[in-house]
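Structures incoming, each one as structure tokens.
The two complexes that follow have chain A in common; it is paired with chain B in the first and with chain C in the second.
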Partner chain A sequence: MIREGSIHIPFTYAAGRAASRFLVVLRDEGRILGSPCPACRRVLCPARSFCPRCGEETGEPVVVDPAGTVVSFTETAAGVFGLVRPDGADTAMLHRLLPAGAKWTIGARVRARLLPERTGSITDIEGFEPLEATEDHA
Partner chain B sequence: MNVDLHGSIGVAGVGQSGPSAADPRSIPEMVLDAVERALGDAVVRWVDIDAVVTASVDLFDGLTASNVAVTEVIGAVMKPETRIAADGLCAAIHAACQLRAGACRTVLVVAHGKASMAPRAAIEAWAVDPIFLQPLGVNFSTIAGLEARLLCDRDPEAVERWGHVVARRRADAAPHGVAAAVAPEDVLAAPVLASPLTQAMEAPPADAAYAVVLRADGDGLPVRWVAAGHDLEAHAPGDRPLSSRPGLRRAFDRACRSAALAPDAPFGLLEPSCRYPHEEDLLRQVLGAACKSAAISPGGGLYAGDAPCAAGLGRLVDAARRLRDEPRLGRALVHGAWGPAGQGQAVAILEAAP
Partner chain C sequence: MRRVAIIGTGQTRHARCRDDASQPELVREAAAAALADAELRPADIDAVLLSNMELFEGRAFPELWAGEGAFACGKPCMKVATGGTSGTSACIAAFHQVASGLFDTALVVGFEKHSEGHTQTGMALTDPFWDRAVASGALGNFALSISEYMTERGVTERQAALVAVKARTNAARNPHAHLKSPEVTVEEVLASRMLAHPVRLFDMCPQSDGACAMVVASEECARRACSRPAWVKATATRHEQPYLGDIDRRLCAMRTLRDASRAVYAAAGIIDPLAELDVAEIYEPVTYAELAWYEALGFCEDGGAGRLIEDGVTSMDGALPVNPSGGVLSTNPVGASGVIRVAEAALQIHGRGGARQVDGARLALATGYGVYAWADAVVLGAEP
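Now for the complex of A and B:
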């Protein structure tokens, strides 16, 4: 015999000091923050409180560029996802690449596309789109 | 209890239940089946077991403290019991540490996973960072695709080679596994999972339980546990180099140092936990000359069935059996992995008795 069951438990996740600041600045100012590690000197993006490599508490967040470089990408049934290293950062963010039907290459230049109405979530960045497309819009 | 801390550890017995696509039994029934087989293989009784280490992850079992559900079928009541929430090979490493510490003479190691209980991708979506990754709807296969892309970008023949590797593994696994053999061209033509990986390239999820009896003073046993190492990478995939496995490198180097082996000392057998074919490339990259003449997953490895959290212990079971049957293989490397893009890495070195 089989008993069907499911688990529905709402959770609240505290983002922590640095990630909260990242989300607030993204929502209110439309800017992307990274965290500098005082030990390895890398700027970690998205911002976080500790360097995963050194274990050091990170310093005052810095603004990184909304433009960046595609480090890798993958097409899935849920869309195209890429690792994008924003200019001024030393690590990459995993996010959507837009539009899904575009021909992507490693090294492509992209820029973050932000939602006009933002709520304080990583999805306030709708995704990263080719830099030429954003220049066309400008 | 007097245990020689410098004596060898032996693999006294192994047992398994599955893999199967959907085992109708309960988890305790599957585990009991595997444990009874391992105890029988080791010719020991429950009373001879000094301690038990299990591996399981609550989300996969759909209940909190999933080890509690199996304590009575692993003989753990009124004994030291430890649960590891990682791959089963880590449970074996923990058991070996207990033996080395002289705390026990005989330890039972158990790992179980029942993938048929819930969609694997949905569970793994809960295993990634809740602030920056979960809202995007990514899971382990998404991150594996990012990793595979980096390899095929610098090696244009990689994807075709992966098609052949998967076809070979699936053919080897088909007689005792959960999925049928597939021709290389069909592996490549299968629907996309996370490009460049196709759905046929992913090892099929399965239900299985594995049990291993490790014993101190194992000199008289046909297979010896020589050394082990494990390591953990950063969680965020953008924080680490996805075109190499430095965590596996560190784990392997630790095991070699512990065994006083040169890093290029040859292995006769590799039993890696590779859910995707590009992971074999990453493994070969780390092992280099050490794996040049090794037989790799002669039974198909995870392509026989990938039971969550249990896979690495399953590799240990397969390797121990193979070394017993073919002692000429000499030395085997067993590998376990967990987390997105192999965030956690574990290896163990086994040797056939001379």
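Now for the complex of A and C:
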């Protein structure tokens, strides 16, 4: 005997102090925040309330650059995903690399592409695109 | 701390779908096999430790039903949850409970029935703000780190394919294994469907239904009940930051496994693991992981893993057979996979490995890998 069914699970998660600020500043100012750790001096991005490695509470958030470097990536049927280290940050961000058809390499220089209408989500950043492409449009 | 040994192990037949058995029946199948192997009865067990994922079976409190199947009613029973390392962590918890003198015997059972829930949905329920909104799931997150590893260490797709061939060939000698392909070739692996570059279908572990159990005993009980106990010589576990972007050079460094292995080598007096270990059962969710783990575990220098697999050093007739069972690449009921690693290592020390036995195995390593980088390491020996 086999029983079939499905489960729908709604959720409402609190982002917490640092992530809330990161998401509000991303939405309202289109800027990316990182958190400096007073112990290891790394700037963690996205912003964090405490450094997971040191356990210390982080200091006042700093603005990191929308430009950064591809650390690693994978190409899938759902698109290209990469770890991008923004200039001014010491950690990488997981995000889409755009466009999916581009020839991606480690060390590629990219820049965050923001949505014009933002809601306060990490997906307010559409993804990271080659730096040359953004310069051409500038 | 008292000496501790594994005196019996048991596994189910692992398969894509075991709809011939309910969850507690599957758990009972492994638990009963481990008790039979140890020649003990359920009443001889003092405590039960369980390992299983949340959400993969689409059910709350899977441990309630698992506990029922693991003879836990009326006994101290708890679940250990550390992602993919849950199974190795549950074993380590049992070792600690017996070593402390709290209990003389403990039964560890790990299980998973992937066919009953929706694993990819469960895997995707990671951090809702950063991971889930962008991309998630085991395949994508692992593949994401591989390009960095390949570039830094010069590993090739062909070398990874050799790992897949070794795993599926070894699995053909394991009566419990899920995927068995004694005839699979490197060319077939390289021709298999691309899932997330550079990971192809044959590079990836399956989702299996299955359970694995073991009986852990104090020295006094072990010497009385077992002719060749697998003694626990050392254990270590290391946690890591949960955000993928925080883990610097994840596969190249594999800081957690590197640290955990150095800790157990030091505790067990192992200086040259490649020369001194007789067998290793390592938790490799994907072919490229096995190569990265060779380096993290000190089986070779960083950058030497490709050569190690090409030279057959880790094949059944090599200097250090790695995963005679076929590994996670051949059998992956996640909550059981870590228990299987330790049980297979114990089986080698017990000398009951059948067609997958490494002759004269006296020193064995088992490892666990969980979520983004969690790591466990266990050294077992024929001598305490």
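Here, the second predicted complex is superposed on the first by the 138 of 138 C-alpha atoms of A that agree within 3 Å, B and C clash if a C-alpha of one lies under 4 Å from a C-alpha of the other, contacts with A are read in each partner's own complex, and residues count from 1 in each chain.
Criterion: a residue touches a chain if its C-beta (ideal position, glycine included) is under 8 Å from a C-beta of that chain, and two chains touch if they have at least 3 such contacts.
Model, not experiment: these values are computed from the prediction.
Applying the stated contact rule after C-alpha superposition, one finds that A:Ser72 touches each of chain B and chain C.
When the two complexes are overlaid on their common chain A, residue A:Pro10 makes contact with neither chain B nor chain C.
In the superposed pair of complexes, A:Gly55 makes contact with neither chain B nor chain C. By the touch criterion defined above, A:Pro116 lies against neither chain B nor chain C after alignment on the C-alpha atoms of chain A. By the document's definition of touching, neither partner reaches A:Gly101: not chain B, not chain C.
By the document's definition of touching, both partners, chain B and chain C, reach A:Thr91. Across the two superposed structures, the residue set of chain A contacted by chain B and also by chain C is 2, 7, 11, 13, 15, 19, 23, 44-46, 52-53, 71-76, 78, 81-83, 85, 91-96, 106, 121-123. Interface residues of chain A facing chain B in the complex, by the touch rule stated above, are 2, 5, 7, 11, 13, 15-16, 19, 23, 44-46, 52-53, 71-78, 81-83, 85, 91-96, 106, 121-123. By the touch rule above, chain A contacts chain C in their complex via residues 2, 7, 11, 13, 15, 19, 23, 44-46, 52-53, 71-76, 78-79, 81-83, 85, 91-96, 106, 121-123.
Considering their complex, residues 24, 62, 130-133, 135-138, 141-143, 145-150, 153, 192-197, 234-239, 242 of chain B touch chain A.
Contacts from chain C toward chain A in the complex involve residues 19, 58, 128-131, 133-135, 139-140, 143-148, 151, 195-197, 199, 241-246, 248, 250.
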